[in-house]
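In this document, chain identifiers A, B, C and D correspond to the written order of the chains, with residue numbering beginning at 1 in each.
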Amino acid sequence: MLNIGVFVCWCGSNIAATVDIDQVVAAAKIQPGVVFATDYQYMCSEAGQKIMRNAVLEHKLDGVVICACSPRMHEATFRKNAEKSGLNPFMVEIANIREHVSWIHKDKAVGTVKAIALVNAAIAKVSLNAPLISGESSVTKRALVIGGGIAGLQTALDIAEAGFEVDVVEKLPTIGGNMAKIDKTFPTLDCAACILTPKMVDAASHENIELITYSEVESVKGFVGSFKATIRKKARYVDEVACTGCGVCMAKCPSKKSLNEFNCGLNNRPSVYIPFAQAIPNVAVIDPQSCIKLTRDKCGLCQTVCEAKAIDFTQKDELIEREYGAIVVATGFQPIKVDKFDELGYSQNKDVITSLELERLMNAAGPTGGKLQKVSDGSHPHDIVFIQCVGSRDCTARGKNYCSKICCMYTTKHAMLIRDKYPDINVTVFYIDIRTAGKNYDEFYRRAAEDYGVTYIKGQVGKVYEEDGFLVVQGSDLISNEQIKIKADMVVLAAAIEADPSAKKVASMLTASIDTNNFLTEAHAKLRPVESPTAGIFLSGVCQGPKDIPETVAQAGAAASKVIGLLVKNKLVTNPCVAIADEMLCSGCSNCFNICPYGAIGYEEKLVNDHGIRETRRLAVVNPALCQGCGACSVACPSGAMDLLGFTNKQIMAEVDAICKK
Amino acid sequence: MQGLEKKIKDRASELLQSGAVDGIIGWEKGQFEYDPTPAVFTKETGLDNLCYNNFCGANLSKYLVGKITSDKKFAVLLKPCDTYSMNQLITEHRVNRSNIYIIGIGCNGHLNVEKIKAQGISGITAVSASDDHVNISTIYGDSKLAKKEILLGKCEVCRGNVHVIFDELIGEELQTPKPDDRFEMVAKLEAMTAEERFKFWQGELSRCIRCNACRNACPACTCRVCVFDNGRSGIEAKANASEFEEQMFHIIRAFHVAARCTDCGECSRVCPENIPLHLLNRKYVKDINEFYGDYQAGDIAEQRNPLVNFGDDDIEPTTVSDKGGQK
Amino acid sequence: MHKNNLKEEIIRISGASPNKCMKCGKCSATCPSFNEMEIAPHMFVDMVIKGRVEQLVMSDATNHCLSCFACVERCPRGVEPAHIIEAIRVIKLRQSGAPQITPAQIASVIDTEIPQQALVSAFRKFRK
Amino acid sequence: MQEVKEFKPNIVAFCCNWCSYAGADLAGSSRLSYPAEVKIIRVPCSGRVNPMFILKAFEKGADGVIICGCHPGDCHYNTGNFYARRRMALLYSMLDFMGIEKGRTRVEWVSAAEGAKFANVMNKFTSDIIELGECVKLGDIRCKD
């Protein structure tokens, strides 16, 4: 029988207000095996931990139950503390009486009864615990970054600078992501290309970085320190090494009717194309949907004109297999589709555009060479109306219930840039709230209103319609309590942003958790914001939630530092809660082998001595370095020969027993 | 049948004589016509007692499990349905295929002596069967019964005369019985109200004396140590205060053999209390067919059974508990 | 009826959720009767939240709501302002003790040109 | 008059560490209440839940047992909940086949982000169990003695 100590935490008033601590301590004291029970205001504080350490020594405790917050919060803390006092860290169990009791049950009597039941379950479990020793696993010193936008590039550069090899997988033919499409950045108004393209070049030329563009990660197996990824490199139909990016093919291609994705479909591109002038790699790609050769087996003109002989219509998708120690998700975002907001007339009127389209219209490298003009007829606009929160903060099926965070600032930027360049244009912005939390952000917004004469109207727009060749914007002005109608030449919608559609698949492949909006979940909202709860998976940029460029870059760097912290280690301590097969019981039936997702179970012909009978048997053997401790095998095993350390059949049944006792 | 028995004996004799095998697993004559018992024949002289008659229903495949570590080679006599069990045992590495010589033998259905006795017939001296009828000689005279009435439960739903695994065949031309719908009774139970089902099973299972005959005869129950005897499982309860094992034995057993049970019917055949235990297993066969597509345990060796497999859009347990499994 | 009870009554009858309002003004921006109503849809919601419900019951604005439900349709937060307005009408009818229109009067007041929807809407307004 | 004692069911919830247990934590930190009769046992994965645990719980006096795991496809261990889904579907089917109330056991997929769902699921399950009353049938499936 173990000597068990029970420590009940008040968590200030978090627990003590709705659980009778004295009763819990008293109830714990009479449980079999409990030799010591006490309580303290903050068990997790240094003073609280000291109480535990002293008690372990004084009462010769070999099992400890902490009754406090969720084990997901402080289990590691108390295990470390146990180690400090010479106790095996796995002789500690946590009874979660905060999240599962005090915070949800307001009635103190009810809460106390439940707390006692959970404490008894933890005592029952710990009395069957056995000391466990962690093993070690190796670390592959290479990182994978999924996504080649500013987030992924910054993370990759930081990791590469620390001396580790990084692969960046980008699904599009070029790196750069959304930022490459942007004209200027807030609040400094420096040109996006001027700050992004040097980073793209840095990444391309860095000896530790390999850019794998026009590729997607197809599957990932393994675990922290040794992931195995399969990457599908899509056929470009252009030899990446041979192509010089001269652009002759683009000029000669007779199929020029495909919408130019990079310019948000505002103009067309040929079937063989380089996405934009600063694309990296600066090589062409053939769109198999529209290429005449690939669709109808005619033409092939590009092949004839290419001096570098880079065009290769026989190219096939290629699968690349690589091993990595860490994986960073940087899948980014896309603006939502706004055609569902039919009252705003996006589908009906060419002059109702999204903000990203406006970026392209104002970009010197865009379809109009940076000249702001109406999409419908190319004429100069005189009145432009911006509508914010299109789809943001919207609980209905057509929108997103969160704030997209960046729209207030980029709309202000657009308004300011237009007023600066074309003082004759009247600019009006409809807003719900202006959110400018950030260094120099509110000042920027005030400048737009005060110095640049942008009109801000608090209210939303009810409809946009055409009348006498003009657009009319009907909205409410909540300050003057009026419904107003404004004539406009152009209307710009600040569309909400959403997680890139690839995020869900990537998260599922990495078994990283994802929230209801398809943003990846961080391990801890405050303390571990760039790590996924799945070890070895890190988050960079908007895949975790809306953020602007400075925040993205900061988070990208933080993710890199976490990756570096992982890759510098030569060995990782493995979870000792692994499956184990009992030689005397195993029948060698292979059920566990068939079910193991990690290939951690193998078979050995082994000589056993079973009560005097010596024979060679086929036995399951678990490789503790590969086993991740899911326990699926233990259920597949009919005889119960396979069990899971730390969550043994007997331990779980003891918990069941304690909980069900009436 | 007489002719077939002779052929088997001759072949067994050859195999033993030539040293090709060290033993033959077959049936040994009992005191009466109707009580042959499984036996291992290692000497030619013993082969006189080898028999193959209308009462050799026992599935011999499981007898190989105990021989897995033996360096001797055994021949085993398997009826078509028994070969499914053999395949399943091979899949689960519970037998050593290289030490087994499988003689597939023909079958035209085996009889249940209890059913004959239930017709008021006693003092049986000889039994001969055609495809439809059975002539029974007794010390009180002869009677003739329709074969269908007195078949073993498993033969009523015979799966046909194909041996799915064998090294040689003897008498495979025999005509197996025409099967009834094997899920008829399961479906009938399913159609009852929950209360009726509960009463049915309470009536049946309350007779259980926990003799473990079902477990011991079952070719799928081959664990070296049964979970109910495993001190680490947390559910062993021998002579303890807990009744868990007693109450839950049949549910757990059915679950443990689910997707591995070939529906050979041994459990019900051997049950001294005549509890229709095969219905539990057959319910799982039916469920698995309906939920995850048709599956027959043991029809191919080395296949992954549906419980160590999955599909992306499997039926939800919620659907099963809400609608009773109607997808 | 006590003020607070009246507020709860409105919420109960309407099934609307005024607390979800984020004060964006989309309802009033979209309202075709805005200029006819002395109290605009967004104000209805706000006044229910603040408990200024007697003023709403007194107001004539409820009669100018067309029951077109554009505000319900467009509201990004699912507040359903038109249902609040409708609840207030119901309360008014209950307080007055009788419908504002009887079947006998219909023939005299009906305009044969009136679109069917407006007719249904009118009955909704004046009779419960 | 005899006092009618209010039925307080005993409910065991097996929650996977990565999703549902975290979902329960989120319900806690969002102060979303659910009945105190629900008591959670942490398991690494829904695939760790052995049908024997469920039966054992009933034997020991549980009136309802619920298993919560990651949504299919999102298992932390890739496949655990897929196996759990098949096992539990079959277990429930057998309980139903034996005439035992099928509502006593349930599987729900609750992610770490679904605190509100966790509370709703537990509220619903508890009220279902209260409706079913005390669990006696499993103990009576074989008449004692």
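One rule holds in what follows: contacts are C-beta pairs under 8 Å (C-beta built on N, C-alpha and C of every residue); 3 or more make two chains touch, one makes a residue touch a chain.
Predicted, not measured: the structure shown is a model, and the values here were computed from it.
Novice: In the chain contact graph, what is the shortest path length, in steps, from chain B to chain D?
Specialist: 1
Novice: Could you quickly compare A-D and A-B and let me know which has more C-beta contacts?
Specialist: Counting C-beta pairs in contact for A-D and A-B gives the edge to A-D.
Novice: Which chain's C-alpha centroid is most distant from that of chain C?
Specialist: So the farthest one, by centre of C-alpha atoms, is B.
Novice: Measuring centre to centre with CA averages, how many angstrom lie between chain A and chain D?
Specialist: The computed centroid separation for chain A versus chain D comes out at 30 Å.
Novice: From the C-alpha centre of chain A to that of chain B, how far is it in Å?
Specialist: Distance between chain centres: 54 Å.
Novice: Find the geometric centre of each of chain C and chain D from their Cα atoms only, then give the gap between the two centres in Å, rounded to an integer.
Specialist: That gives a centre separation of 46 Å.
Novice: How many Å are there between the centre of chain B and the centre of chain C, using C-alpha atoms for each centre?
Specialist: The separation of the two C-alpha centroids amounts to 75 Å.
Novice: Could you say which residues in chain C touch two or more other chains, in rising order?
Specialist: Expected reply: no residues.
Novice: Any chance you could list the residues of chain D touching two or more other chains?
Specialist: 51-52, 56, 73, 79, 83, 87, in rising order.
Novice: Show the residues in chain B shared as contacts by 2 or more other chains, in ascending order.
Specialist: Residue numbers touching two or more other chains: 227, 233-235, 307-309.
Novice: Go through the chains and record each pair that touches.
Specialist: A-B, A-C, A-D, B-D
Novice: Which part of chain B faces chain A closely enough to touch in the complex?
Specialist: So the residues of chain B touching chain A come out as 69, 91-94, 222-227, 230, 232-235, 256-257, 304, 307-309.
Novice: Would you tell me which residues of chain A are touching chain B in their complex?
Specialist: My answer: residues 582, 584-591, 594-595, 603, 615-618, 636, 638-641, 643, 648-650, 652-654.
Novice: Any idea which chain A residues touch chain D in the complex?
Specialist: Of all residues in chain A, those touching chain D are 70-73, 96, 98-101, 103-107, 110-111, 113-114, 117-118, 121, 507-508, 511, 513-516, 521, 533-534, 577, 595, 597, 628-632, 634-636, 644, 647, 649, 652-653, 655-657, 659-662.
Novice: Flag every residue of chain A that touches chain C in the complex, lowest number first.
Specialist: My answer: residues 343, 389, 393-396, 399, 432, 458-463, 474-478, 481, 483.
Novice: Under the definition above, what is the set of chain D residues touching chain B in their complex?
Specialist: 51-52, 55-56, 59, 72-73, 79, 82-83, 85-103, 105-108, 137-144
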